[in-house]
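Next up: the structures, one after another.
Two complexes follow with chain A in common, the first pairing it with chain B and the second with chain C.
Our next item is the complex of A and B:
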């Protein structure tokens, strides 16, 4: 990894001569400048940010609501519905990805942000995770709040949701990571380069890297693509480890 | 409106939004997939009922057999070492202190890289002309090794790449599991002067067996679906020596446009993963008391 970072700061000419040159000065910023000026990389970066952020917000909202519902409320078919959701954990992506591709083609959702985001929102893991977390919160809290005349929604929004912060952070980061790094779905759903995510865009550059601008440039792109995700990851690392220890593997 | 009815409606209001999306984007495609796999279908709308013909074609398809062998080999080369390495690392890193914390961060960091970047890095490590390993060999006067074009070396090369990439998540899961083992058990063991090996074998491992099971199940399912590394590092070559099942599904659907056949293979893979997961679960939990 350090090697990648070093390579990204080298001029392409120097690398042509000797790839071992990465370990010695002079280093240069020219590859990064090229990213910012030319290619579609910035557009791809924006796409990735929009898709990953949309997926994260969507998953957190849907999973929190459903998690609370499954953990605390009584309604017909609650158990069977929960089992159906859990079965989703065992479905490999390939079993649904082709029909989903057809379905989205029929609905005209390809090459659009909703088309890229929607599949991320079906993850059963988030619902399972949030249900477990809500179950671990003492029921006395609910009862006290309801006695005070709070509605179900006020209870959920004002009392319980703030308590789930570590779980939200963990689920959020994992969703963001997964959406950011997803390769299959954006590869087949986004067919015009305007809607490529960074992962797909870099891959398309990598596959014909003989024709593109050289090793240093590619490595600069790689480093560039990793920065946002590393920032998110480092910012939430403490919460992740704490929440994992608390709930995930019980 | 009476209170009981209102309570039910509130319940559906909370779980409804997720269930709607889940039904539309997960359940519907799953059922569509089963239907499509019984047809000869392409991406342009041609569709003709062929019953189980796709499945019987799959059973006799030599390319699929090769892909199945490659995938099984990869899973075997990845899952056991990955679990073992992750366990060792987690045991070593499960201690307070700044140094361990920094190392934890380093191991988790490969987790955040996308498959594109992972393969980009490893391609330049493995490539025989001026790759990192080739440079090292050249410095000691040896010939470069063509990892990605030798049919015997390409599977191990992809396995090592995947190991490096996937290590972070199992380490994290096992660390989380280790932190839940109550400390007083260790104190009791220390009083009984048990040695470290006995403590590990008799206390730690049994305490985290459910976590280890989770790691093995998740990793098996993930490695049987290995796709990006193979596609980007080798494109399945040389001569199909590194073609995985999912890569084959991708080729059949988006190269040959045979949607029905591709979906049938995907359903077979689904069945395989489900069966393997259930067997692993049964193997690990059959001696346990049933849990509430």
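Our next item is the complex of A and C:
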């Protein structure tokens, strides 16, 4: 990482001459300036934020509701449906990407935010994850709330959902990162540069022979694209660790 | 048809899980402000019965009435019942104050009334300083009080307590038992407590409901269930250590009272009225430890071998086996010197013996004059 950061502050020309030059001045901001000068870079950044945030909110809402349903409600075919959700975990994106492309083309969803966000919402990991989390919450709490006169919705919204906060944070961070880093689907779905996400956009802006003649620029791109992710990680560090340790509900 | 009265009425409540019956035609009346304990072994259905009253389980058939209102079709929150859960079930993300307010907010009680009730309950339970803490920051005993507080502020018509003391250590349990007894004086509602600890039931309850095998075996005051157990199950279940059961045969009657021949060949003159007991009937003789003692040195008694000695300081229980093989328990005051393996002579107070026939029906001794 230090290597990447250091290289990003060197001019392309200096690196062409001697890649070992990274450790010595002069350092320069010209690579970052070049990124921001790309007329669409800020648009791509905004696109990535919109897509990643949209995917995160969508996954959290759907997974929480579905997880609560699977964990707590009685309805026909509950077990079979849950098995189908589990099977969904085993389906790789590669297997569905062609039909999905066809479907989105038919629906006119390519080159749109919904087109970029919707595929993230179909993953079953979130549903599985939240179901397990809801199941771990003692049923006595539901019963206490029912005796306290809570409606089903009050029980979900005021008692159970707040207790899943650590899981929400973890799932949210993972979803955000996955959506942010996704390259393949935006590459397929967004064909006009207005709808490029940052990953696709930056890649499209790379010069030929970037690995050799544009090394500093390449590194600056990598650093630039990682900053939002670092922010997310640092902001939610505590929740992630706590959820991983599995001590959230006590 | 019975007319439901103030208080709680259960009428023919039945419940089964699949093919497994849990409760069969259970009927019970609880007076207003009465403290009832449901006592029974694990799986006797006592918790299920409590949950049916609370509305957390639905009975297959039967009716539940509270103060003249049929409540079994109502949602749990609409029954005017508060419950203290075994594991407290406090909302972990809410402060103590919010925990106590939750039910009242749902019931749309005005804000200043909520504040007033919480302050009052906190005062009674001495948790005023903890109102802004979360349950995770409190000890088990304090959480227990919050759980009780959450029940009190609702001013329910009926309190349900599910094994309220089982999560506390021995010292705290004793103290909380006293506090529950005090609480009972302060609240204007009936209390039903589920427990498998007979000491809890005996010390706290006005009446004990003993459940086993899907049915109520006996309802009575602590003194009644101890002194006049309705059947052999209750006799064995209540009392610690339990009543010893010695096999025997009705030998005849003398003065209208039954004479029993124990399997050892020993004759026992009981104070049980002879009516209905025919000579030759095989029976069991029930004897509490306090009615069996070691014979004084040099005097005679039933020969037995000591198997186990339980010294509690102020008294000693001696578990012995009679010559015929039956187990018997004797009580000695103080710190006994008898040891396992010793031969002992036991004096049995036949006039305190109970007789249980094969069906389990009980025949009690006449009260001593």
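The working rule: the second predicted complex is superposed on the first by the 237 of 250 C-alpha atoms of A that agree within 3 Å, B and C clash if a C-alpha of one lies under 4 Å from a C-alpha of the other, contacts with A are read in each partner's own complex, and residues count from 1 in each chain.
Note that a residue touches a chain if its C-beta (ideal position, glycine included) is under 8 Å from a C-beta of that chain, and two chains touch if they have at least 3 such contacts.
Bear in mind that the values here come from a model prediction, so they are computed numbers and not experimental data.
Student: Just checking: does A:78 make contact with chain B only, chain C only, both, or neither of them? Give me first, second, both or neither.
Tutor: A:78: touches chain B, not chain C.
Student: Could you look at A:163 and tell me whether it touches chain B, chain C, both or neither (first, second, both, neither)?
Tutor: The second partner, chain C, only.
Student: Determine, under the contact definition given at the top, whether A:147 touches first (chain B), second (chain C), both, or neither.
Tutor: second
Student: Which touches a greater number of chain A residues, chain B or chain C?
Tutor: B
Student: Once the shared chain is lined up, is A:138 touching chain B (first), chain C (second), both, or neither of them?
Tutor: The answer is second: A:138 touches chain C but not chain B.
Student: Kindly list the residues of chain A that each of chain B and chain C touches, one partner per complex.
Tutor: Common to the two interfaces on chain A: residues 249-250.
Student: For chain A, which residues are in contact with chain C within the complex?
Tutor: Listed in rising order, the residues are 138, 140-141, 143-151, 154, 158-159, 162-163, 165, 249-250.
Student: Flag every residue of chain A that touches chain B in the complex, lowest number first.
Tutor: My answer: residues 1, 3-4, 7, 18-20, 61-63, 65-66, 68-70, 73-76, 78, 81, 84-85, 88, 90-100, 102-103, 118-119, 121-122, 124, 127, 152, 156, 177, 180-181, 183-184, 188, 198-200, 202-203, 206-207, 215, 218-219, 222, 225-226, 229-230, 233-234, 237, 240-241, 244-245, 248-250.
Student: Could you pull out which chain C residues touch chain A in their complex?
Tutor: So the residues of chain C touching chain A come out as 54-56, 75-78, 81-83, 85-87, 89-93, 102-103, 106-107, 136, 150, 154.
Student: Can you check the complex and tell me which residues of chain B touch chain A?
Tutor: 7-8, 10-15, 17-19, 21-22, 25-30, 32-33, 36, 43, 104-105, 108-117, 119-121, 124-125, 130-132, 135, 172-173, 175-177, 179-180, 210-211, 214, 221, 224-225, 227-228, 232, 246, 249, 253-254, 259, 262-263, 266-267, 269-270, 273-274, 277
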